[in-house]
Amino acid sequence: ACSSGGREDSGADDSGGGNAPGSSGYTIAFVTHETPGDTFWDKVRAGAEQAAKDEGVTLKYSNDPDAGKQAGLIQSAVDAKVNGIATTLVTPDALAGAVKSASGAGIPVVGLNAGLDQYRKLGALMYFGSDESLAGTSLGKRIAGEGAKHPLCVIHQTGSVSLESRCAGVRSAVPGTENLQVNGADDSAVTTTLQAKLAQDKSIDYIVTLGAPIALDAINAKQQASSSAKLVTFDLNQEMAKRIKDGQVEFAIDQQPYVQGYMAVTSLYLYLKNGNDIGGGGPVLTGPSFVDSSNIDKILPFTEKNTR
Amino acid sequence: MTDTLAEHADRNLRRGEPLVELVGVGKNYGPIRALHGIDLRVGAGEVTCVLGDNGAGKSTLIKIISGLHPHTSGRLAVDGADRRFGSPREALDLGIATVYQDLAVVPLMEVWRNFFLGSELVSGRFPLAGMRIREMRRIADQELRKMGIVVSDIDQPIGTLSGGQRQCVAIARAVYFGARVLILDEPTAALGVKQSGVVLKYIAAARDAGLGVVFITHNPQHAYLVGDHFVILKRGATVLDAARGSVTLTDLTTQMAGGDELAELSRELERPS
Amino acid sequence: MTDTLAEHADRNLRRGEPLVELVGVGKNYGPIRALHGIDLRVGAGEVTCVLGDNGAGKSTLIKIISGLHPHTSGRLAVDGADRRFGSPREALDLGIATVYQDLAVVPLMEVWRNFFLGSELVSGRFPLAGMRIREMRRIADQELRKMGIVVSDIDQPIGTLSGGQRQCVAIARAVYFGARVLILDEPTAALGVKQSGVVLKYIAAARDAGLGVVFITHNPQHAYLVGDHFVILKRGATVLDAARGSVTLTDLTTQMAGGDELAELSRELERPS
Amino acid sequence: MIPATGQVAAPGLARRRPGLRLRALLGRPEVGALAAAIVIFLFFLLVAPSFRSAASFLTVLYQSSTIGIVAVGVGLLMIGGEFDLSAGVVPVSAGLVNSMFCWYFGVNLWVGAVLSLVFCLLVGFLNGWLVMRTGIPSFLITLGTFFVLQGANLGVTKLVTGSVSSRDISAIDGFGSLQKVFASSFAAGSATVWITVLWWVLFVGLAAWTLQRTRIGNWIYAVGGSAESARAVGVPVVRTKIGLFMTVSFLGWFVGMHSLYRFNTLQAGNGVGNEFLYIIAAVVGGTLLTGGFGNALGAAIGAFIFGTTSLGIVYAGWDPNWFKAFLGVMLLLAVLVNTYVKRLSTAVSPREGGLT
Amino acid sequence: MIPATGQVAAPGLARRRPGLRLRALLGRPEVGALAAAIVIFLFFLLVAPSFRSAASFLTVLYQSSTIGIVAVGVGLLMIGGEFDLSAGVVPVSAGLVNSMFCWYFGVNLWVGAVLSLVFCLLVGFLNGWLVMRTGIPSFLITLGTFFVLQGANLGVTKLVTGSVSSRDISAIDGFGSLQKVFASSFAAGSATVWITVLWWVLFVGLAAWTLQRTRIGNWIYAVGGSAESARAVGVPVVRTKIGLFMTVSFLGWFVGMHSLYRFNTLQAGNGVGNEFLYIIAAVVGGTLLTGGFGNALGAAIGAFIFGTTSLGIVYAGWDPNWFKAFLGVMLLLAVLVNTYVKRLSTAVSPREGGLT
C-alpha cells in the first residue's frame, strides 16, 4: 500500500474453523425484519452465519421490514421444508399465522430479538434477545439518574414498531422525552434535521439515537448547532465505538446482536440434534448491556471484527 | 353514406328554420382576442361557408358552436334557446357533430374505436354492458368504404393511417353522428380530388336531408359549389356576410385573397407547357 | 423570402443535374407494404410533383428521401453516391430540407425556437456557446412576414398558432434551410388562397435558384402551375411518370381522380346562383 | 340518392390477411409480458429446487395477488393517463380506519368495514376531483394525499392506541365472517390457496372485460391517449378519470381489509413504497407510462413477474445482500423479453408510432 | 425577384403589446414556484421563531442544496422526456467506489474520486444507451439500474469491508484536499455556509444558461416535447438524451463525494427514496412530467421548497408523528400557489394547450 490509512492486511480469516457447510444435514431459515443495509442486522446475520459454519448447518437468511411480507418469507421457508426457523417477532400478531403454520408442519421455531412477551403464545420454542421497551427503559433510567430532563429520541424509520418501543421505554423512565422523525437513508438529512431541532429547542439535554450510524450524524449535528446535549445511543459499530472511546458519545446500549444470531441457530441445531431446550423454558436475555468508557477498551477490538 | 345522412337526420327538421344562432360572440385566449362581435345563423337545409385567412378565427368560431371552448362574450342560441356549452357532449346531444381541424382522434386506438368513441353501441344500459363490437367494426368499415377509403385493417391504430385517411375517418364519424347540424373545419384539406368530391357530395346530401352545415374551407370553388351563405372572417371579425344570391365566385375569391391572386399568379408563373 | 432562396441556394447547382435518384425503392411498415418499385429523379432547377390518392404512399416516399425512415429495398443516390440515411440530419447536411405533412414542430416551444430547431445560430463552437437569440428571433419573424404571416408574439408556443400559421412556419423553415433540395408534403393543404400563392411562388423561385423541388399536393392546378415532372402513385406503385411536355392539366386531373370528377361534380351539384 | 363513387373499392383488402390474425394475437400488449413471466418462472424452476412444488407456486400466487389486486387498478388508471402515489398507503389507512374505529367504539367490525370503504372511495374521489379541478398533475396531487395519509396513519394511530400499530381485533364481533370474505384460505392437497388469489382473478377478469368490451373501457383508453380529443368527441373525461381514481382506492380498501383480517393488527407505518410496486407491475406488464396503452391482464402478469422474482430469489437461497441486484437484473430481463416478443409481432411500437 | 405580397402586413402587430412583457415574465415556469417558495418561507418565519435566524436559513439552504444539486440534473432530464430512478443510489455508489477502492488498495483518494467519476458517467451512459437502443421506457431501465446498484452497494461493501458500511477514510492521502473541494464550510457571522450551496448555485446557473441560451438547451426542450419532430428537423436525439443521463449521474457523483468527505463513512443501504425527492423537487418547480416544459431554476426552487418545508416543520416544533401529513399539506399548498400564479399570467397551461 502506497498510502496510509487504508486496509490493514489482517492475514488469516478470523472467522475460520467450523465444519463443511451443511455437513450436519440441517437447513435453517433465518427470517428478520431488517431494512437492508442496517449495521445492527449485519451483526445478527454475522452471528448466525458463524454458528451455521461452526455447526455445519445450511443457513437461509431472508428479511423484509413489512410484517405481511415477513410472514410470507416464513411461509416460503415452510414451503421449502426447512428443518428449523429462526425469526424475529417484532409484530407477533401479524406473524402468528405463519409461525403456527410452521409448527403445524412440524418445523421448530425459535424467536429472537423481539417478541419476549409473546413468543410462547405463538408456539416458538425458545427466545434469544433483549426486549426493546426493556432496553429503552434501562437506558432511560440511566440517563434519568444522570439528571436528564428533556431527552430527544431520534426515530430513523417512520412507523417502525421496534424503534417506537425503544422510545416508549425511554419515555417511561423520563417523561420529558420527545420523539423526532428523521430520514435515516440520508446522512445530510439526518444531520440537518437534528440541527434544526436542537436550534428550535435549546432545553434538550440528551440525544438518544436508535442506531449507531445515526449517532455519528448526531455528533455532526451537535457540533453545527453548538449544542451541549449529551449523546447516548442504541447499538454499536466500529466507528461509534471509537466515539465512545474519545468521549463524544456517553454510552451505548448493546443487546449483543451477534449473540442473538449465533444462539438462535445454535439452539435450533441442538434442539434438532439433541432435543435441548436452552433457557429452561424461559427467554434468554442477551442484553441490555452498557458500553461506556469503563469497558470500551475491551470491546473496541471486537467491533472491528463486526462481532459486537 | 349519403344514405347514412338521410337515415340519421332528425325528422323534425324544416328547411330554413334557424338551428344555431350567434349574436355578437367573442372569444379571448387570455390576452389574445381571437374573435369579436360575430353574428352567424345556421339554418336547417342550408350550408354556411366560413372563409378567411390563416389565423382569422374560423376554428375558434366552430369550437364555440361545438362546445369545445365557451365564448367569452355575446350569446349563442340553439333552437332558439340560449346556451353556453360546458362540454362538447352537450352539443353532440343536441345533434351537433364536428370535424375538427386537428381531427380529435386518439392515435393509439383502433380505427373503429375512434369512429365510435363517445357514442358507442352497447348491448344494455348497465355500466359494464358489452359493446356491440362486431356491429361497430362493420359500420365503421362500411362508412369508410363509402368514402372510398379501404383501410387494410379496421383494427389498426389510427395513428398509422395516412393523413388523408385519418381525415376521412373524422368526417365519416361526424356524418354518421350528426343529426341536425354538421360542422366541418377544413375537411378537404388533406384529401385527394376523389375524396374531396365525396365530401362535397356529403355536404350537399346533408343539406338536402335538412341538416344545417357549417363548412370551413380555403377553397372558394369548393365553398361556392355547395354554399348557401358565405361569411368571411378577418382578424377575428366578420368582413363579409352574404347569401348565395348576392355574391359570385369571383367576388368571393377576390374578397378572400384580397385581390384575384390566383389568376394573377397563373399569369406570373406562366410557362410553356 | 424568394430572396432568401436565392441567397441560401448552393452556388454549385447546375440546372438539370440529377440531385436525388431513387431506383426501385420500396418500404414496408412491418406487414404493411407502403411502397414498392419506385423510380424517381429530382433534378436541379426542376420541380417534381408527386400526386396520388390518400394512402398512396406519397408521405412515405418523401420520408425516405429526407432520411426519416430508411427504405427497405431498392437504392437511393444523392449526387450520384449511394446513400442510406440513418437520420434526417444526414439529409439536412446534404442541403435537403423537408416540410412534413404533420409539420414536425414541438408544440410547447416558441415559434422562433421551432424555426431554428436543429440548425441554431450560435456564437461560438464550444458546446455551451450562447445562441444568437436576437438574430434568430429577427430572422424568424422576418421570414414569416414574407409569407404574410404576422404572429402576435414570436415567443408564443407554436402549439397556440392556428393550423395554417403552423404550416407556414414549417414551410418558411424549410425554405430558409434548404440549400439544394426542397421537399414539401402538402404544403398548401391548410393554407388560404393568399398563402398558397406565396408558397407556389416560393416553389418557382426555388426552381429558378437551381434547387431541386419535390412537391406533393392533391391539387392538380397547383401542381401544373409549377411542375416540370409529374409522378402519380397508386397503392404504393407508380402509375404515371411524365414530363410536363407530355401531359396536360386535364390528363393529370383525369389520372388522379380516376375520371374528371370535379367537372362532373360541378354538374351534379349544380344549382342556381 | 347519388351513388357514392367511393363505394367501388378493391374488395377483400379490408379482410384480414391470414398472417394478420396471428400477428394481432402476438401484438396484444400482454403477450410479451406473458412470455417474460414464463421465462422467469422456468428460470426459477431450474435454479431453485424448493421452488418446484405446488405449495411454493401458491405462495407466489398469493404474494402476487396482494400486489396484483391494486396493480390492476393502478394499471387502469395509468392507461387513463394518471398516477396514484397514494395507492400504497390507502390499504393501511383502510385497515386502520376499520380496526381503530371498531376497537375504540366497540362496534361490529362490519360497520367499520363499510365506514372504511366510504372513506377510501372519498379519498379516491378527492384525488380525482382535485386533479381535474386544479389541472395540477396527478403525480403531485396524489403525492400530497400520500404524505397526508402516511402522516395521519401514524398520528391517529398513536393518538388512539398509544402505539404505532393497531390493536388486536380478533375478538370483536364480525371478525369471523369478515375473515371468511377477505382472508380465508383452503387446502388444495398439501398447499394452501388464499382467497385473495380468487379475488385477484375476478378483478382482473372484470378489468379486462371493462377495458376491451365496454364503453367505459373505450373511454379509459381515450382519456389516456388524448384527453382533449376524447373530450371533443363527447367522452365524459372528468367522470372517467374520477372513476378510475375511485377504482384504485376501492381495490386498495380491499387489500387493506385482507391485511387486517389476515394479520389482526396493522403497523401504521406500512405500505410506503408499495405504490411504486404497483406502478412497476403495471409498466412491466406493458402499460405505457404516458397513458393510452396497456392492458389489465398485462398488469396482472407484471405483478406475477414481480412476485415470482422476489420470492424466487428467496427460494433459490441467494444472498439477500444482493437481493435487489438480482431483482433488478430479473426485471430488466423480463422487460427485454417483453419488448423482444412485441418486436417480433409488430413493427410499430407506440413509442415510434403516433407522430410522423 | 417577385415582391412577395405577404410582406404587406399590419405593422406593429408582432411588436409586443405593453402588457405582454409583464405577462411574459409572470408566465415563466419558475415564477409560480418562486411565489410558492416565498409563501412557504414567510409562513414558517411567522410560525417558527427559531426559524428566524441566518443560521437556520443557511441550514435550510444546505439541506436544499444536497437535494437540489441532483434535482437540477433530474429536472433537465425530465424536460428531455425521461426519468432516472437510479439517481437516488448513484451518490452512494459513487462514494462507496471511491472509499472502498482507496481503502482496499491503499491509494490516494483522488485516484478513487476520478475512478468513481468514470464509473458514474458509465452508469449514466449505460442508462441512456439502453433506453435509446431498446426503446424500453427509461422508467423501467433505470428502475433496473436502481435495483442493481442498490444490491451491488450492499453486496460489494459487505464483501470488501465485511460490514454494511464503508470504512473510515479520513487518514488516507488526499482526504484534506478533497474535503476542501466537496465538503468544506466557512463561517458567515454566527452561521455556517457549506460549499455545496455555492456549488448548487453554480450548477443551477449553468443549467439555466444551457437551457435558455444554448443550442443544447433547445435540443433538450425539443427531445422532451416531441422526440420524433426533433429528429425530423435534425436534432441529435440520441446524443442529447444520453448526455442528459450522464449529467444526472455526474451530479449524483458530486453529491456522493460530498457525503463521503463530509461523513467519512457511508452506509451501503442509503440513498433509497431520494430519486423520488429529486423528481418531486423538479415537478414542484414546474417541470412537466411528460417532458418538454420546465426550467432549471424551477427545479432548484422546488428543492428549496422541499428543504424549507421538511426543516420548517422541525423548527416549528410540530408533532413529529404528523410530520408527513404536514409535509403533504405544505407541498399541496406550494403546488396550488404555483398553479394559481401561473393562471394569473397565462390562459393556456401546457396541459390544456397543444391539442385542438
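By written order: A, B, C, D and E. Residues from 1 in each chain.
Everything that follows uses one rule, which is that a contact is a pair of C-beta atoms (placed from the backbone, for glycine too) under 8 Å apart; a residue touches a chain by one contact, two chains touch by 3 or more.
Not measured: the values here are computed from a predicted model.
S.K.: Give me the fewest steps it takes to get from subunit A to subunit B if each step has to go to a chain it touches.
M.R.: 2
S.K.: Please name the chain that ends up farthest from subunit B once chain centres are defined by their CA atoms averaged.
M.R.: Here the answer is chain A, farthest from subunit B.
S.K.: Going by average Cα coordinates, which chain is farthest removed from subunit C?
M.R.: A
S.K.: What whole-Å value do you get for the distance between subunit A and subunit D if each is reduced to the mean of its CA atoms?
M.R.: Measuring from centre to centre gives 35 Å for this pair.
S.K.: Measuring from the mean C-alpha position of subunit B to the mean C-alpha position of subunit E, what distance in angstrom results?
M.R.: Those two chain centres are 47 Å apart.
S.K.: Using mean CA coordinates as chain centres, what's the gap between subunit B and subunit C in Å?
M.R.: Inter-chain centre distance comes to 27 Å.
S.K.: Could you please state the distance in Å, as a whole number, between where the Cα atoms of subunit C are centred and where those of subunit E are centred?
M.R.: 41
S.K.: Can you list the residues of subunit C that touch 2 or more other chains?
M.R.: If we look for residues of subunit C contacting two or more partner chains, we find 29, 68, 100, 102, 104, 149, 152, 160, 194-195, 197, 201, 204, 261, 268.
S.K.: Hunt down the residues of subunit D that sit against at least two other chains at once, touch-wise.
M.R.: 2, 5, 17, 20, 150, 154, 226, 228-229, 232, 288, 321, 323-324, 348, 354-356
S.K.: Listing for subunit A: what residues touch at least two other chains?
M.R.: Residues 36, 158 of subunit A each touch two or more of the other chains.
S.K.: Touching subunit E in the complex: which residues of subunit D?
M.R.: Per the stated touch rule, the residues are 134-137, 139-141, 143-152, 154-155, 158-159, 226, 228-229, 232, 280, 283-284, 288-290, 319, 321-329, 331-332, 335-336, 339, 349, 351-352, 354-356.
S.K.: Applying the document's contact rule, which stretches of subunit C touch subunit E when the two form their complex?
M.R.: Spelled out, the residues of subunit C in touch with subunit E are 1-3, 6, 66, 68, 87-89, 92-93, 98, 100, 103-109, 113, 116-120, 122, 127-131, 133, 141, 145-155, 157, 159-160, 173, 194-195, 197-198, 201, 204-205, 208.
S.K.: State the interface residues of subunit E toward subunit A in the complex, per the touch definition above.
M.R.: 48, 50, 53, 55-56, 59-60, 62-63, 66, 102-108, 150, 153-154, 158, 162-165, 167-175, 192, 258-259, 262-274, 310-311, 314-317, 320-321, 323-324
S.K.: How about subunit A: which of its residues touch subunit D in the complex?
M.R.: 36, 60-63, 66-69, 71-73, 75-76, 78-81, 91, 93-94, 96-97, 101, 157-161, 164-165, 168
S.K.: Tell me, which parts of subunit C touch subunit B in their complex?
M.R.: Of all residues in subunit C, those touching subunit B are 29, 32, 52-55, 59, 101-102, 149, 152, 160-165, 167-168, 186, 189-197, 200-201, 204, 218, 220, 224-226, 244-245, 248-249, 253, 256-258, 261-262, 265-266, 268-269, 273.
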